[in-house]
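Encoded as structure tokens, here's the structure I'll be asking about.
Per-chain numbering from 1; labels A, B and C assigned in written order.
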Amino acid sequence: MAKLILQKPKGFYDSFYRKPGDKENTHYCPGCGHGIIHKLIAEAIEDFGIGDRTIMVSPVGCSVFVYYYFNTGNIQVAHGRAPAVATGIKRANPNSIVISYQGDGDLAAIGGNNILQAANRGEHITVFFVNNAIYGMTGGQLAPTTLPGMKTSTTPYGRDIQNEGPPMKVVELLSSLDGPTYLERTAVMSNASIAKTRKAIRKALQCQIDGLGFSMVEMLSACNSGWKVDPKEQYKWMEEMMLPTFPLGVVKDVREEREGWFRETRTMTDEAIKQELDLTMPEPTIFPSELKKGSYHNPSIKLAGFGGQGILSAGAMLANAGMEQALETSWIPSYGPEMRGGTAYCFVNLSNKPIGSPTVTNPDVLMAFNRPSLEKFEAEVKPGGLLMYDSTIIDIEPTRKDIEVLPVPATQIAEDLGNTRMANTVMVGAYIAQTGIMAPAAIDQTLPLALKRKTMVDANKKALAAGVDYVMSR
Amino acid sequence: MSRILEKPRTVVSPEHCKGCGLCVMACPKDCLMQLATFNSKGYHPSSYKGEGCTGCGMCFYSCPEPAAITVYKKGAEYPDD
Amino acid sequence: MAKEFIKGNDAIVKAALLAGCQSFYGYPITPASEVAHAAAKYFPRVGRTFLQAESEIAAIQMVYGAAAAGQRSMTASSSPGISLKMEGISYLAGAELPCVIVDIMRGGPGLGNISPEQSDYNQVIKGGGHGNYRLIVLAPNGAQEMCDLTFKAFDLADKYRNPAMLLADGFVGQMMEPVAFPAPIEELPAKEWALRATAESKDNLVNSIYLDNDELEQRNYDLTAKHDEIEANEVMYEEYLTEDADMILVGYGIISRILRTVVDLARADGLKVGLVRPITLWPFPKKIFAELSGRINSFFVVEMSEGQMIDDVKLASGCSRPTHFYNRMGGNVPTVDEILAAVREKYTATAV
């Protein structure tokens, strides 16, 4: 039923209590288009009954104080960022109706990418874009939508399209994207155009209410102060100056083709969350080591070789297993400039006290999987330390006499087992046998975590055992 | 006290009016005018001439101020003072 | 729960989800992209929001929106990206919105490189964004703390309605260590002030504009009072063998791990060296430095920067003791040996 009384809509606060001074009137200049647009929006909010769940986003510009007026949730945001903020709000609460109210400087200049991307994502928000071809609040400067030849405080000789380019046509620009659902340009300048704007605002909001996606209405609006024209002349000015550049009408409307949808919110049990986060490690079993051939306490281990030799995963095998044996462990891959060149390496620490530096200049143990690694890192091994190397593919011998040297034909052993890529696991087996730091079962237990291909677990268990056997039978 | 209006009318609140004159321009029946007097803010407020309103609401929608214009259509309840 | 052997970068994401973080808005940048990768994988799995934003600027503004709506929300980036986020950080602080920002620092200035540095200290501790605000900054030094301090960051952010940052580097992020994850958080703190799109919350306003000078001044006084409260209550640091120390090494993040080894080796050589490691960089642990300066010979600050935190050490100790400095930059992580050599030299030089 048509209303019998047209009065200040309930979408406005009864009293603009946040506004300093006068709580009854807006802060806008006489004749300003913002006030008319505010009224149309406030009326729609009332008529649609969405005030309680609407969040108005106040931009930077003359409409920075939108939150003085609308009887909704309110947020004030940085210049141009309203569509990004609106995205965060809407995603947080899919039931909310989020309105981004923006001027031309805010939306088309500093926030150009934000509006473009929000539109392209088809964000379920509604944007009311007030185009008055000028910056009002900051003192009448050039906007992206300023008209050719138009004088502003930063184009005192008129907008020169060879200098500033031509005016930006925002709805046309956005209409080239598949994302938006509803785009229309209207004007606030005559009874008929105001009626059309009123309708467009309602369509745009309904679009969001129905879950149909991104909607925006660009509204040509008067800024008689900025233009320096009398309010009584402002609509004539718009007709002559703005309409030739900014044609009115629906630019895109695919509401009929789209199906409404709403993001779902989900609650999960603790167990389900842990499951989904892969936090389902079983309590570990501790396997006492019985090998005890050597003794290297709290070793810092450097593993080095070509990329692709499984250097990093061999390190992970040791560290993973060490953790389950109640040791402090750390694993760190070679980092930064040292990643360049032929060798990849990682550091593993296994310790019964807190680990300080995860890397050291002089490791206790070096496992060299190729000749460059041996050549490069032999000198680093701490005196009294252990150097292991793959003697199948390294055709030189270490020269250090102050360290223990253990050649392991790891690639040969792995080939005998059917896959040379398991040389890394053979070496790990040899290492735990030589040092007695862990039982083979400890490594077996965590192999599935260290290996990318889970089908290789059993084969690697054999490779591990073969490495152990090689050392124990030496 | 209130009464049911038999004829529509528009009411301009002089203290809410900023005197931009947009309502005067918008009224298809030319039944609004700007007063020669000033309101407390120094504006010449608009005022209903007293005759001719059809309740079309054009003045209401043309007005940038939320509370400056109220339009009572035929049959509306009108608060008498 | 059993321990997980996990990279620091992954630990942040799992911890965030266990801490009830509901949305992650990010933008790719090495070396922080790993955090976004893990977030992209795990957030949707538990029904939370992951969105790659169009820019660093947009990502932090989406966090602003999500935080305003009452969510626990986060973003992660690396140094040049954090520079871009400074606009949003100032607005978040101005509007008193809680959120967590992860900075996996890299080499600078400019594009710099992708190796670890600690040269964002001034940017994140001393400002970066405009206005009088403070960022709560936590500096983890291993995977377990990447988890624990992520929890802590969300708690502090909510408690004080202030953005909190986890300041780490690619070294800590890449390192795998055992992590014991806590159980998922039972109940998130109520946020009466948030925009919840309900009748009850309708009168709420999220805002940082105060046109009236006196009002804005009062606003700043209120923020200062909050900052004072945080400084009084939330300082965290770790001491190692400081009791009888003549020289106190100071370092945060990965440097603190290296310094721990340096302390052990120096002690083995008979040098009475200890370590203070700030865990909260803001609030900075001022008191301990003031205290120590009364009974030690010198401080020795090590940073992967030109020397940024050292200013705070000097201020906190009133410049009352010689404060030595050793640094590496450009992505080079100082080795135990080079620090140890420098420590030996200065220790002898400042011995009483």
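The criterion applied here is as follows: a contact is a pair of C-beta atoms (placed from the backbone, for glycine too) under 8 Å apart; a residue touches a chain by one contact, two chains touch by 3 or more.
Because the structure is a prediction, the values reported are computed rather than measured.
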item	value
Topology of the chain contact graph, where touching chains are joined (line, ring, star, complete, other)	line
Reference subunit A; chain at largest CA-centroid distance	B
Separation of subunit B from subunit C, taking each centre as the mean of its C-alpha atoms, in whole Å	60
Between subunit A and subunit B, centroid-to-centroid distance (C-alpha), Å	53
Gap in Å, rounded to a whole number, between the CA centres of subunit C and subunit A	19
Partner subunit B, residues of subunit A touching it in the complex	2-9, 12, 24-26, 28-36, 38-40, 42, 69, 191, 194-195, 198, 231-232, 235
Parts of subunit C lying in touch with subunit A, wherever the complex brings them together	1-5, 14, 17-18, 22-23, 25, 42, 45-47, 49, 51, 53-55, 57-59, 61-71, 73, 87-88, 91, 95, 113-116, 142, 170-171, 174-178, 181, 183-184, 195-199, 201-202, 204-209, 211-212, 254, 257-264, 331-333, 335-337
For the subunit A and subunit C complex, residues of the former touching the latter	18, 20, 51-55, 64, 67, 71-78, 81, 84-93, 95-97, 113-114, 116-117, 264-268, 270, 272-274, 276-279, 281-284, 316, 319-320, 323, 328-333, 335-337, 354-362, 446, 449
For the subunit B and subunit A complex, residues of the former touching the latter	15-16, 18-22, 25-26, 28, 43, 57-58, 60-77
